[in-house]
């Protein structure tokens, strides 16, 4: 076999672990050679778990001290631009977790830098690599349900996001941190860009969770109109408590297709007529998308080896960010927002504090 | 057994037949004594099918010539007010199909007339009597999923509605004729009234079906905010082609509940690895809600016999009409509409031609 | 409508109530005019519940005092022959619950008596009228899964049968009292008679339930070979505790068909990641086969009105009894038993005490 | 990481490819260093697909020319004993595909040889490593459904086995080649050995497939009694055409548990009311048991590294062979066969031609 692609991980947290696991155990063509995270304790634990030999506080150090081909960025969103620009400047290929960045100008800088450096950029929309999502996408594109008319996509997660991820002044909140996948999937599966967005939000569990962040919400419902004339809905709930829930319903002129299920393992049990039938729920995103995470890493490694363009790249990340911005502005201003309002004025976003 | 409740049917079409079937075959406490429909041929066929002895062109004739206790109104919406007022004036109890009427002033007239006459008024929201919907409602009310945060309700029907039912100038269109059930169910299951509504519509199949009615739409997606702070979504597709689809997902602080299924009979088959597993779909509303139609008729007959107030009455019908008006105004004016805008000005609706 | 068919019920217990309910509430062409049961208290309660005016200790009295057209027999199996013969002698049509009788000579006497009297005889195999079983049967007969190769049929019931029904010296035990439906369904759906039978039994819960009846079993597994060369399996568990379970899997040369489900109402809920997803179970046979019980009664009444032969009659009942006898002999003698052994010698059954 | 375990594959066919895929792509602790198969063309193709550098006609050559730690045997059953003995003699750990061998004396020789050589022996019962089967087993052992009373296990495969695998004179036929997994799973999940076995077989598709092998069957139904008093059923159909079907139902004193499903991907579609709802079927065993194959290889490699006894070993393989022999004798002699008959006389099997 050819020489393995050498990878540096930026971020030793949950997503960093998840991708390290996929790479180390299931992608023989890759070798994780370094791990960057300023939190030394977490870094050491992750490095030990996956046998990563070199650990650093900063990407700069890693670049100086270790040879590698690609950087996988799983750090908080507000760090994405700086890390991506630095990596591109040193000719490293980049796998960038969603959401791509905080606003469109950051997205544009990242895209420009990777183009200029001639490196590949893949976005972390792993649903595109999920066997169910991708089979469904192919069947839809082949016309099985006719021209798509309406889509409903949801991501409901069991736990409360970290403080920065629920504060729209530093992160764009749940619409970005949880529902980025829905923004990408609806656009992908409908085969059309969103044109107009209307959003309602609610805060049900904030008080009980001692969250007093301004504009915090834990429930969101977005109404979409696509350029094709199609309609859509995205919902987010976090924390939802009952499991990890990621499903799509898409309605075409000829029929409907349902993708995904709340059902976990195929084990049904019944021991009591009053309780009824029990079945395990899908508990977590690593469980739900285990193969998707392997396949997206295989794809990234393969694109580097064969010098091919990743299937899901900067433009896709930028569109998802645009949707997030339109959706957020909608609930703040209590009105439908056109994507063209967002796309035509790439100035800093009013509700963000992007001084950092 | 006590003397049967004598019933006159107004309307010999699909819904009239459906209710006649429930009454004649499954509600021994009732007797259908008359059928009113100006379309003589349809009337004769329905009368023959269900052994109804007396048939008339108008309600007036029926009142003059036959003794009966209650009127079941299944005629087009624009006829509801006149028939209900006439029935009330003669002391007849009324079962009124959804949507209750074209606007709030009509609703108010009907409510006032029945109160004044001291007759019972039941609205045709049969989902309240469906074993699954009603069991779910009880479990939600008992706190099983905690305080409701979000609801999604859909009604997608297989066929194209009749011309009057898709023309908002005479009917309020699909939001009223198809989605009235969703307006009622979401308010019922959330235990809260809607506060604000935003609607997107699309017209995908109109051209192929030679529909050139202004403002016609065959896809609708409504975003709801409830007084409780909860969020909601209603979708409608007609014709959807693939079956009759009526499902609810409701998310509370403690968990989720799904009501209904697209699955019809429990017969799975597999004869080909490429085709996969097949299961019958729910084809029609009489099939999906067979027991609900029987139970709502039993309830109506029982309320008359025992002089009790029906569980679903004029106020419920009026709220559904208010939602429909807010939803329709929203897509016409491309903005979120508050229910208070609708409730505070009970003037004729701008897009309706209510000269008839 | 024509004059209702007048019916006398023999048996006021659970099955008698179930059929009275179907007739009184859902079969307008019938009128239940009398109820026979020597247990006066049960009889009065059932009569009151369904508005049956005349109650008697014995069929003789009923025949003397009330005019009726048909008798529905739901009493214990060991009483079937005497009641059926008496009814036939007085020209009454007969609906006879399963199992038909204790042995083949009793079956033969019943068949002969009804033929001689020219009355109709319908057996209580309601699965033949279940919408799912009957649709599946039609599809199988139309060739959808090809020539049937193998069938698996089960009936597991939640509760412990009454003492007489678990004592093979007076009833043929669970194979007869619970699994009669499986004997009929497998033969019907395979389109072939059984040729050879092998049975294993187990007694797991008897001791805890203080059952010390000789040869008592609460688990049974039957291996079948059909005349067609096809194979089959019948299983019975009673009490199974977890619900009422009646399902069939049938495998043909072209594919498989599954009939029925343990799932009750289409209400899924999830409130806890450890518990998972919950769905109501099918709890009881009246719930599972509600429509089947209505349709079998409609069919019986219709056959009387139109003087037609019932779709499921004496021969079907006799075959099920033959299967039961072969299955019972098999586990007693620990060997496969050919049906011809049973069919060729219609002498009294060795393990039965038929002195009564 | 520690030095990888060096593996030689014996067999380059479907199962050999499947295990090579698991090892090469998903078990970083292993390295496949050699492939043995006398069929040079197949061997080259498999070697090329998985980057295996050394290929040989015989195990002898591989042992002479390449250093390795373990042998994975996926060749036809009649070759198992010779290969295993040869490997053990050279101190190689052994992973042996099911069925273990043709008869009990072969099993005993293999067990003795591995013990004497001090090498590990793991049997290819991958269901023990399937996330669903193993979770279910743990829950059953923890008492969730109470003491097991009855089990039903099936394996139905889409295609016709190769000629040697359907000829009981050289292979023990479908009961061994397809249903070995069921023999192992039923014993494992019931927590008890089988005591008595009765089998019926049928040949439905042989003629159309030009199979004229004596005693060929393509449908089998086994009735089991366990030492615990529990009952069981195993069914096999091959070719079944409709998919790959491997499911278990197990009934305990407290309730039931269902393991597995015929359902493949969670993609439901509906485009036609007459066709109904479609869902992909599980098509193949590599698809159904993808994770099980990875985990059983991880376990084997891990046991070698840590010098631990594999969880599923020679005794388990021997018990499955004993079941197969009892089941085969049963249908040949048309009587129930006790396991003790098989276990007490370990002479050559009457229907086998073991001259090879």
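Should a chain be cited, it is by its letter among A, B, C and D, assigned in written order, with residues numbered from 1 in that chain.
Methods note: a residue touches a chain if its C-beta (ideal position, glycine included) is under 8 Å from a C-beta of that chain, and two chains touch if they have at least 3 such contacts.
All values derive from a computational prediction rather than experimental measurement.
Q: Is the number of contacting C-beta pairs greater for A-C or for A-D?
A: A-D
Q: For chain B versus chain D, which are copies of one sequence, does the interface use mostly the same residue numbers on each side, meaning over half shared, or is it different?
A: Over half shared, hence same.
Q: How big is the gap, in whole Å, between where the Cα atoms of chain A centre and where those of chain D centre?
A: Roughly 40 Å separates the two chain centres.
Q: Quick check: how many Å separate the C-alpha centres of chain A and chain C?
A: 57
Q: Touching two or more other chains, which residues of chain A qualify?
A: If we look for residues of chain A contacting two or more partner chains, we find 241-242, 254-256, 262-263, 268, 270-272, 280.
Q: List the residues on chain C that touch chain D in their complex, please.
A: So the residues of chain C touching chain D come out as 147, 149-150, 152, 156, 196, 198-205, 219-225, 229-233, 235, 237, 240-242, 245, 251, 253-256, 262, 334-336.
Q: For chain A, which residues are in contact with chain C within the complex?
A: 158, 241-243, 262-264, 268, 270-273, 275-281, 283
Q: Which residues, counting only chain C, touch chain B once they are in their complex?
A: Listed in rising order, the residues are 1, 24-26, 28, 51, 131-132, 135-136, 139, 144-146, 254-261, 263, 265-272, 280.
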